[in-house]
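Look for subunit A in each of the two complexes below; its partner is subunit B in the first and subunit C in the second.
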Partner chain A sequence: MSPRVIPGAVTGELPAAADAVVIGGGLQGLALAYELAKCGCGRIVVLEAHYPGSGGSGRNGEMIRSAFATDEWIGLFDDSLRRWQTLSAELDFNVLFTRAGYLLLASTPEAFAGARRNLEIQRAHGLGVELLGPDDVKRLCPEMAPEMIAGGIVQHDAGFAHHDATVWAYARAAARLGVELHPYTTVTAIGIAGDAVRSVTTDRGVISTPVVVDAAGGQAREVAGLAGVDVPVQVFRLEAMVTEPLEPFLRPAVSSPAIMGYCHQTTRGEFVGGTEPEVPIPCDSIRSTLDGARDMARKFVRLFPRLAGVRMMRHWSGVVTQTADIAPILCRAPGLEGFYLDCGWVYGFVGAPAAAALMAELIVTGETPPTLAPFDVDRFTTGKLIRETSLVVAASEGSAA
Partner chain B sequence: MKGKAPTTKTILCLCRDVTEEDVRRAVAEGYDDIETLKRLTGACTGPCQGKTCVESIRRLLAELAGRELDEVPAPPRRPPATPVRLGTLAAEDEP
Partner chain C sequence: MSAGTGRPAARVLGREAAAAAGAELTFVFEGRPLVAREGDSVAAALIANGVDVFGRSSKYHRPRGYRCGRGHCSSCAMRVDGLPGVRTCVTPVRAGMTVEREHAWPSAERDVLRTAELLSPLMPPGFYYRRFRRSPRLWGLFERGLARVAGQGDMPSPEAVERLGAARCARRAVDVLVVGGGAAGMSASLAAADAGAQVLLVTRGDRLGGGLADDVPPGPALAADLAARTARAGRLEVLTMSDAVAWYEEGTVAVDRSPDLLLVDPSTVVLATGGYDAGLPFPNWDLPGVMAATAARRLGSRHRVPPGSRAVVVTSDDGAYGVALQLLEWGVEVACVADFRESGGEEGVAATAGVPPHPVADRDVLVDLAGHGVDLLTGLGKLVGHGSTRVRSVTLTPRDLPGRARRRPRSYACDTICYSNGMRPADDLAYQALASGSLVLSAPGDVTTGAAVTGDAVTGAAVPGGASPGGASPTGAAREEGGPGPRRPGLRLAGLVAGATSAQDAVAQGEAAGREAAEHALRS
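Our next item is the complex of A and B:
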């Protein structure tokens, strides 16, 4: 029996030619390959350096919302949220999307005033959000420490899903449409002729192709570098943990800017979450740290005092590639025909379904869908950064918390 | 499944109730890499962190995939080695 790694992956020789090569077999790359195949793009190959989903796709917090504070973020992520509602059916695989609600907690009067301001734009976009006072939050999360509660916004049709299942679901669905996913295949060079991409060289052979997508997650900058394209991202390590299973005590997904943390309780009963340092430390290691474990323990016990008696079972790390405005880079690469960027993700798990569909539309039609337009890499040269303020992300400039 | 004789009751991962049959089925389906097999079945991710199951699973995987045992690496060990109460971790660094 030859190894397949996951259902949907293939082994054997790489094809000599393809119509599109996607570099990165994580959620972004697999979802994009699926959407391209749906558009009838011909022979599509996905190259993954390790096992599919081995990077951020299998290490993130799994949380799903679209209640952000700017037209740009709400536009992209609400498109995604609508796709999440029916994703299991579309891909014919249960991604365990749990519509348990998503609470963005406000722990200070100032944060509550900010939530109230954000509610207007969220309502204008038709999001299913509700402003909660302290008593409402206590009813929704009875185990939460009262001193942490000033109010919050809950998005009722948001929640969380299973990140590995989502990777497998896209891989299977893509394979049914003919996509070839090659795990354990490392890209070593990108061939260019004139101002257009021509080929991708790997440790297992060369594929000639007119279309290459950089969906390489933590390695996106290095991959773009092979094509001489600069991707302005910094790589930061994030840490997360899971406890032993306990009886249901927390229904919605919860984000808390006050502790710079996010968490949910899985259907199996485990409490899963991560916290971030006030100022992120550039680091591409995925080793876990004792400081990280203590930070999470201190903050989550502060948020849910009953967790003091619950045991941390596992603790892991992953990296995010963060842009100056924390928004992803979704566009055609400037100055290089046939090269596309789908990277710079921090909220990549929730954003993938819409980003993939819209990127496929861009690649197939040559036209940038309006929802995608703000995420062009040219914003870092024109200065038109996206001013999103509702993110729970440690930012180097301290502005995006 | 009632009334039908189970093909095997050999439990490989005690924490997650993963049987030999579960592993055989997963590998046959295509989850034949220890990293993805682990994520599909939950084996090696319970409170014992794989201490009791990882070697048996490696051996079975090597046999099913027709590989040598040393070609089937153990998944990375995650901290903590033994589950630790969050209260203990939280208290340790307080002034």
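Our next item is the complex of A and C:
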């Protein structure tokens, strides 16, 4: 893709100096740059190794919810969900947020009991959730296999949005506020003087800056490594697919721990979803696998039997960077002034709007917003991991979920 | 023509044709029994029965018809035996088959949602990103409405799902997998088998021959000879109706043999997948009756069904002139062959024998066409199609040429527009194999593929994951510029996908690719 046709991208030389450099032109980086610009942060530069949204931002399952099971997750993600409700107006671009509801499906009595327990904390946070019995779920999803239905929780004001549109929307909105987005620019070194960052070196020149944010997604660990900072993440491949368009048969977004999968039907009729293997193997390949295709086909047909015979139109892969507790890392880097971490995301699409605003607040004020505090990287040394249990993520060995 | 049964089955006449036509059979189209011939595609059978409208477009519900004829587009997708989205142009019709059009209400012939286009000023491409951005509530309402008109087919019927329960998935290893049953694919298979490799040839078509089999002479004879040799050869197995749809990281190629799936683990793959018609955009280019010249050729040559009764051929290459001659042969009136290229210059041929100066060098073809009263127009500037459920006429506007009198637009009544605007390589599987980075082909004809060529120029052959023989290669040589992956079969390209422009090229490339593939496979 030529830089000229990339929304929000600039084509000129890199500036010699900036007030902040965000490494990573995915959703996290672009949203953060936008929020920083809104705070009047001065000259902000976003560096993207490929095209904006080329990583996980354009490869995720597009689903949005805040009905989790811990105060920490609900705090961050419900802040995000509220922002999603008006994000199109905020960014002056329709990100196609579709409030079709989000069903967290329970397929066993045990899972249903777990959902019932989670409901209390979700209600305490004022979430618009409802406990559904088997018949309610069947009414909501008439094509779903009855044997997969023990009940579930539906969050009414959640749903899904268009991931590419969201990337474009943030890129354009950031550009309007003067953010300089440089695609096809690779960071090769991070300059440090004393205990503070001073510059970012790229294959296109050096930018001196007092603030650097690592929002590099799948490359976050490598980028942090350039600054001598350890980011304890593992990279996993996730695969997803989209079918040919079908008449509407599924209204809400659905996630199912029983098949370790998530899916929704777009307004255009395509059925989009992904599944995860029971035991993930660390892998940074973004090639698609036969195993992945078969896993998705088998599981989605199990969930919706009449998908048998429907063609997969495309199938793709992306990577997530998973921490030990699967929660993101959102904080100032320990021991290095001016270096910030916005990485370790698995639920990055839904979390981006809030994380960006709160990280901008941290960078501008120097104070960690309370919502962000639990996501500090120090939790991996202090052992204060977040025990979130409602994730549809295959946990790597030794992790909490 | 609107209803599906008004016109009796039109067939190309002639002794040879009658002999080639298969036995009659009956299938059910939207509740009505229709007669077809064995060997027909569903699309050909419908056209023979006078059905023009095959479906409706997603947004404006514009009528869609038979278009590419090769299973490359979705224009002819219908519900067949309870399965949605079946490409009828590559699906053989069978006795008792039920066929229905999708995505229209109350019917594809008269779709009331067609009125959606009246609102088109409000709905330019990508309109939804701009409209409703200020009002989540309005967007919510609109989105619910949009979901009703969008979508295509309904989910598979319970009977179809039940039937698919019997589908099988087999897996096998081969030395050389050849994808494509045209001249290049057959030549590659023969050469590879001859060199001692176990070869599997898969083709989407229901017979060997590819585009060559439907071409003007001597194409069909050459195709038949290759097909006969392919059928006889040892160590060489052919699977028709077998569509290689994916090449996974594991090195496995998935072959769709609906309803079954075949997984092939090859040591080396030869892609002889041909090309896609580049298409030709013009106002109303999506009307039924507008089709690729090769699609018209397939209807007439293979299925003995004339694509219409009066055609205009629009082209930017020589190939379409052969199609024009074939149309005449099948009894289709050809009103005009309009060429985007200029007549003049050194390459042009001077006016003789009533034929004006022309970019086509073959005088006989031009004289033949002119003798049939076909207008020959060069320097075409633009064209506009007219019609509601099928093209009814076309307006051709010549370009203004410096130093020449301004030429006026011409209109022709026609029910068929055949376009030929070049091919682009069907190299999807090669990209899947490489996954990231670029595919760089260097082949005779200087074909380069790949949007972002990031590395140094490639001149030799290379085999992803395998030993690189290096040096110049007569075949399209591919090399990866992404990172290494797990097991990687070798890759060779041959034929149109590698830039071949003639059957002779395709055969030569196929033979070289087959030999190299066998060498690589037997070495690894």
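Everything that follows uses one rule, which is that the second predicted complex is superposed on the first by the 393 of 401 C-alpha atoms of A that agree within 3 Å, B and C clash if a C-alpha of one lies under 4 Å from a C-alpha of the other, contacts with A are read in each partner's own complex, and residues count from 1 in each chain.
Just so it is clear, a contact is a pair of C-beta atoms (placed from the backbone, for glycine too) under 8 Å apart; a residue touches a chain by one contact, two chains touch by 3 or more.
Quantities reported herein were computed from a predicted structural model and do not represent experimental measurements.
Residue contacts after overlaying the shared chain place A:Phe300 against subunit B, while subunit C stays out of touching range.
Contacts of A:Arg314 after superposition on the shared chain: subunit B is touched, whereas subunit C is not. Using the contact criterion defined above for the overlaid structures, shared-chain residue A:Leu27 touches neither subunit B nor subunit C, since it reaches no partner.
Applying the stated contact rule after C-alpha superposition, one finds that A:Ser54 touches subunit B and leaves subunit C untouched. Of the two partner chains, subunit B is the only one touched by A:Ala9; subunit C is not.
Legend: residue contacts after superposition of the two complexes on their common chain; A:Ser288 is shown touching both subunit B and subunit C.
Legend: residue contacts after superposition of the two complexes on their common chain; A:Asn94 is shown touching subunit C, with no touch to subunit B.
Within the superposed three-chain model, A:Leu336 lies out of touch with both subunit B and subunit C [touch as defined at top].
Residue contacts after overlaying the shared chain place A:Phe249 against subunit C, while subunit B stays out of touching range.
1, 168, 244, 288, 290, 293, 307-311, 315 are the residues of subunit A that lie in the contact sets of both subunit B and subunit C, per the superposition on chain A.
Listed in rising order, the residues of subunit A touching subunit C in the complex are 1, 85-86, 88-89, 91-94, 96-99, 143, 165, 168, 244-249, 267-269, 285-291, 293, 304-311, 315.
Looking at the complex, you find that subunit A touches subunit B at residues 1, 3-9, 50-54, 58, 164, 168, 183, 243-244, 288, 290, 293-294, 296-298, 300-302, 307-316.
Interface of subunit B with subunit A (complex): residues 27, 29-33, 35-36, 39-40, 45-47, 49, 64-67, 78-80, 83-90, 92-94. Subunit C contributes residues 58, 74, 83-85, 128-136, 139-140, 143, 146-148, 150-156, 158, 160-161, 164-165, 246, 248-250, 252, 254, 259, 263, 432, 435-436, 451, 483, 485 to its touches with subunit A in the complex.
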